[in-house]
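Please find the structures below.
Heads up, the next two complexes both have subunit A, just with different partners, subunit B and then subunit C.
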Partner chain A sequence: MKSFTLFNPKSLGDAVGALAAPTSSVKVLAGGQDLLTEMKEHLVEPDKLVNLKGVPGLDRIEFTAAGACTIGALVTVGALEEHAGVRERLRVLAEAAGSVGSPQIRSVGTVGGNLCQRPRCWYYRSEHAKCLKKGGDECFSFSGQNKYNAILGGGPSYIVHPSDLAPALVALGATVTLKCSTGERQVALERFFTLPGEGDIRRETVLRDDEVLTHVHVPAPAAGMQSTYVKFRERGSYDFALASVALALWRDGARVKEARVVLGGVAPIPWRAKAAEAALAGAAFEAATFARAADGAVQGAEGFGQNDYKIPLTKGLVQRALQSCG
Partner chain B sequence: MSTNEPTGAPLAPNQDPKAQEKPRKTRKIKTTKDVNGVPQEIEIEVEDVDGPRWGERKDLKVLNTELRRVDGPVKVTGRARYTHDVRLPGMVYARLLCCPYPSAEVTIDVQDALKLPGVEAAIVLETKTRFLGQPIAVVAGRTSDHADDALRALKVTYKPLPWAVDRAQALAEGAPNVRKNGNKGKPGQNGDRAEAEAAIAAAPAKLEATYSVPVQHHASLETHGVVIDYRGGEEATVYISTQWTFAAVGQVAELLGLKANQVTAIVEHMGGGFGSKFDLGSEGAVACRVAKELKKPVHLMLRRPDEFVMAGNRSGNRVTYKAGMNADGTLAGLVANAEKFGGLGDGSMARPPYVYSAGKTYSEVVAVYTNTDSNRAMRAPGHPQASFGMEAVLDELAYQLGLDLLEVRKANLKDKVWHRQLERVAKEIGWFEHPHRTKPGPNSGGKELGIGFGISTWGGGGSGGTECDVQLAKDGSVTVSVGTQDLGTGSRTLVTAIVAEEFGLQLGDVVARIGNSRLPSATGSGGSTTTGSLSPAVKDAAWNARNAFAEHLAPILKTEAALVRFAGGKVFSQANPNAAMTWKQACATLRDAGLNAHGKWDKDRAAALMGNGVHGAQAAKVEVDTLTGRVRVLEMVGIQDCGLPINRTAVRSQLNGGMVQSLSYALFEERVIDPVLGLALNANFEDYKLAGPSEIPKMTSIIDDDDQRSATIGMAEPAIVPGHSAIANAVHNACGARVRDLPLTPDKVLAALGRIA
Partner chain C sequence: MRVLHLLINGDRVTVAAPEHWTLLEVLRYELGLTGSKQGCDKGDCGACTVLVDGKPVLACLTLAALCEERAVTTIEGLLPAHVKSGGSGPDPVQAAFDECGALQCGFCQPGMMLSARALLDRNACPTRTEIQDALAGNLCRCTGYTQIVEAVELAVAKHCGVAPRRPGSARPRGRSRPPPRRA
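Let's look at the complex of A and B:
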């Protein structure tokens, strides 16, 4: 890893101040679970790290009386998983947190870092593959080893977003606070992530270099929400999703009132499966509906060889997620 | 010992009955015994043996029991010093630069690296490479950070040359020559093809199918590497992660320009080898070169990504089987055309048909070469590869005929040991209550349970070259010394246990000194020969020590040496068990230098102590989610014979480890290289997936105690042979998804279930 200076700001103001006019490459360090591996593999070689760990007030989970929840960016994934209120009221989020990495990673990795993490694509992670994400002119996965790549929303890059928290938080309608030295903005998490065809292909989010993601806000869910996160990974621990489903569901007796279905591991962003949601809304809560929702979830999905299996896999997961709410 | 090829194992071993058939000779000794205070002349019958024997199992107090490994505490507390942990004054850290391409012309400018502070060496090793990961430069720095910086400061230009990294590329028209004579080795042929084809054609059930297994990695938790302690002058010490302590001595001596008696090799603790660590290796040779140049100790341990590409692998294969089965389940004939993928090496594949009788057979096995590192021996070389297709063929044909999978196996196995073993694992795993014994379960959209079987064989045995010292000190402490290495398999405990047993002591009363070339010599640990090579030598030394101590004690105990007994920490005459001395009291009678005895592996004496030829069977139970393709292994049962188990816990640990490693092979492990870019894509423990704690099923490991041979046999290898075959068969059994290509990842399971549009 290339040597760097470590700046330990004691306030958020100092932290964003250090990002305001970067004279050399600067990166924000939280848990370091993604950044440090990128640095070790020479994918990024910052001269300076701004360490948020000393910034007070970013490590709390707070619920309002009405049930809205604010999560500081430095809350560890493990703390989120174990928080009683989150487990009770935002089950999909607790389950997603519990499925991240391994206990060691969860105890250090943060919520903010999880949302801002970079792709796991083999080609992106290989220093010698000059892929689109690294300023090259080709996405090697398209004709290469693409077992883990996107079936939805891909092109010209076919990475998948690796976060487990993101699909859960999108399903919950979360927003994030992005702060810079001159102010802050609120962005719906669904708008936070960008498709490769939409913006800077080297980024996965709208976060600017002079900004820090400071908080995640989850609105109070409407009464009666059932939710779950179903993650399919090859290995039972320390593995990213081949596909995952974050499901939030409201029922009225035997019918579905409303549903949010967000897919992970299959698209460059957490993928809101609106056709699945439409298939569920107002329909009977039964196997035939689940099958229609599964079909809807993969509407427009396209494999290009080794990732074809993700289509039936995702359909299967949507059905398993719905069944588990039965 | 070759690092590429297995020590040959017989495919259908017969249990060697010699050891137990030797007639038991006895002689009578006249002595006096106090009976009600009156000395009386009596005769005592004692065993009259011409050498050491393990004795009756019922009499054993330490051997054949469940022993905790003696180095467990230092390992779990982190105090055990592995090669990686060695730190010496003035030591430099060396790092290799490995070529990221399978073949390239390389130019390297080292000047910038040499100018960096803390950098002590930067040397070009190679300018034209022929395998992915070939070391092309080495740097050394005062700290590992300095070395890393030096590595980055090397100015390297790669001019890629044409390569072949997979089968398609190697066999394509106009492919570059990977080896001088082309990309295929000389085929090994056996049997009469026409005869076998005719037998298959006449059989009521027939099958032709291609099965393949990927290139797997040893994935030892300790990477390859050495610390060379050489500062000029006439002495050097090499700390090395090796399976053969003594091999390193001569190799290091030659490279440093020293004599063998000026070099010491030390292998205090070792983090696994699985067959990949017999040599000093190219990394060790490079470390010697740097040490010679700098006259400073050099620490060179491979980094994990380098370990994945340059430290060997288990060869993959692709086998097309044609087979026919008779109505009674016996195989009528089998033709196997196999290709082995061992990179620049020849690969390994036990000759088909694996273990089973298959009627008229013909096989052709050929190596296909690629620009990747040469395969090395890996736990049961060639056997897991050969097992996979063979066990699948049996199941596929049995289903065609509606036959019971267990009965079909028995019908093709002459040796009844496998019959009892298969029945045992079948019973343990619930086969007789299982609903799908003659046809697979349904592709239901739900979760289905399946069971599969596999069997194994191996040779074992041992060979000469191991010697051992046993020392009894005046204070009662006991030391056993032999230069052998403990790969994590428990050989340190084995050595300790044999001596403790001999003197009626407990494990904790004996200290083993191993892993040092200044100690009595020992053979390398490969082919499950460690137990058969080591245990007779240690037993011989212990037996000699006991006899010498008995001679010494006889006049003190007023008895004959043949009547001196060591049991329960006491020493007494068989004629007067009540007049016992404690072990400490007995040792206190020794002269100041204590008592030293020597023993060795002697062909005739070892023949009564070690054996050869083992059998094993395993069963796996899986759950397949037929909607998502998820495979969960719920349960594995393994049984293994091994003659006399020295440490039952260690034997079961081998079985458990074999089952876990084969589960990982079945579900996850596979080397992935992009054929166009030539880059290794999963050379790390994130992307090269090993089974973790979440994958470990309920495991039952059974020592086959019906094997009553009074002989020790190593059994590391057979435990890994059949597990992946059993798992793949269980997936087929659960829901009809026959995956003929490992690993059994969900993409393949879903394809086999017909769920991919």
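Let's look at the complex of A and C:
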């Protein structure tokens, strides 16, 4: 790992100030559970790290009386998983947090870092492969080893977004606050993530280098929400998702009123499965509907051989998520 | 270089190390505490697990410069801490690993025992599933995990005063964690 200077701002203002006019390469450091792995592989070599851990006020989870929830960017994934209010009211988020990495990763990794983490595609992670994401001109997964790559929304790069919190938070309709030295903006989390074909191919989000993600806001869910996060991993102990489903569901007796279905591990962004949601809205809560929703979830999906299995896997997970709400 | 004031296994130590060094590098290469193992050096194996303020963390993904003012426990500190708190001999987790032969090459063992210690400090009588979840980030390439889980169960049984399960009855780890029960 290349050496750097470590800056420990004591206020958010100082933190964004340090990002304002980068004279050298500067990176934000939260729990470091992703950033240090990137630095060790020489994928990023910042001259300066701005350590957010000393910035007060970013490590709280707060519910309003109406049930809206604000989560500070420095809340650890483990604290999110264990928070009684989150477990009770935002089940999909607690389950997603509990599925992240190992206990060691969860005790240090933060919510902000989880949303801003970089892809896990092994071509991207190898310092020897100059892929599209690193300024090269090819996504090697297309003709190479693509077992873990995208079946939806890919091209020209086929990474999958590795975050487990992102699909859950998109299903909950979350927004994020992004702050820079001159102001702040609110962005719907669904708009925060960008497809390789639409934004800067070297990034996965709209976050600018001079910005810090300070908070995640989850609006109060409409009454009666059922929700769950179903994740399938290659190893039982801990692993990234081969595919996952974040489901938020509202029922009216035997019918589905509304549903949000967001897929993880299968696309370069948390993938909102709108055709699945349409198949569910107003339909009877029964197996035939689940099957139609599963078909809808993989509408347009395409594998290139080694990742073909993700199509039936995703369909199975969508049905499993729905069944578990029975 | 940076001068660091650390609190390692209850001892205050002052050490100079390069700014970008991880806690693992400082422990092993400045302080000679080589019980914390450098396996993958990128978060995958858990062999470098230490406790920071009682929580299991990966020393390979922790900057030493950010550990000032925090209590670090390494495997070298378990026995002294146990003796200091009135016990005799090794920590009960260490004794149970010994009794169960819960190792082959031993490379994973310090990290395993620290993850187990962190669990027992917060939950003295965990279930088998809770033990398996707490050890999920510690990979062992030798044992198949059975004796490791049994060792933690033995430590639990002794502490909670119940009979340990029959040896050999631990299922191999690797089934997925059951989802938390729905509210």
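Structure notes:
As a working rule, the second predicted complex is superposed on the first by the 326 of 326 C-alpha atoms of A that agree within 3 Å, B and C clash if a C-alpha of one lies under 4 Å from a C-alpha of the other, contacts with A are read in each partner's own complex, and residues count from 1 in each chain.
By our rule, a residue touches a chain if its C-beta (ideal position, glycine included) is under 8 Å from a C-beta of that chain, and two chains touch if they have at least 3 such contacts.
Just so it is clear, the structure is predicted and the values come from calculations on it, not from any experiment.
In the superposition on chain A, A:M1 makes contact with both subunit B and subunit C. Applying the stated contact rule after C-alpha superposition, one finds that A:T228 touches subunit C and leaves subunit B untouched. By the touch criterion stated above, A:T182 is placed in contact with neither subunit B nor subunit C.
In the overlay built on the shared chain, the residue A:S126 is in contact with subunit B alone; subunit C does not reach it.
Using the contact criterion defined above for the overlaid structures, shared-chain residue A:K53 touches subunit C, although it does not reach subunit B.
By the touch criterion stated above, A:S324 is placed in contact with subunit C alone, subunit B being left untouched. Touch criterion met: A:S237 reaches subunit B and subunit C at once. Overlaid on A, the two complexes show subunit B and subunit C touching the same residues of subunit A, namely 1-3, 235-238. Taken together, the subunit A residues at the contact with subunit B in this complex read 1-3, 42, 120, 122-123, 125-126, 128-129, 140, 143-145, 147, 232, 234-239, 242, 306-309, 311-313, 315-317, 319-320.
Only residues 18-20, 22, 41-43, 46, 49, 55-58, 60-63, 65-66, 115, 118, 133-134, 136-139, 173-177, 179-180, 182-183 of subunit C touch subunit A when the two sit together in their complex. Against subunit A, in their complex, subunit B makes its touches with residues 100, 148-149, 152, 625, 627-630, 667-668, 672, 674, 676-677, 679, 681-682, 686-687, 689, 691-695, 745-747, 750-751, 755-757. Residues 1-6, 29, 32-33, 36-37, 40-41, 51, 53, 87-88, 91, 94-95, 98-99, 101-105, 107-108, 226, 228, 230, 233, 235-238, 324 of subunit A touch subunit C in their complex.
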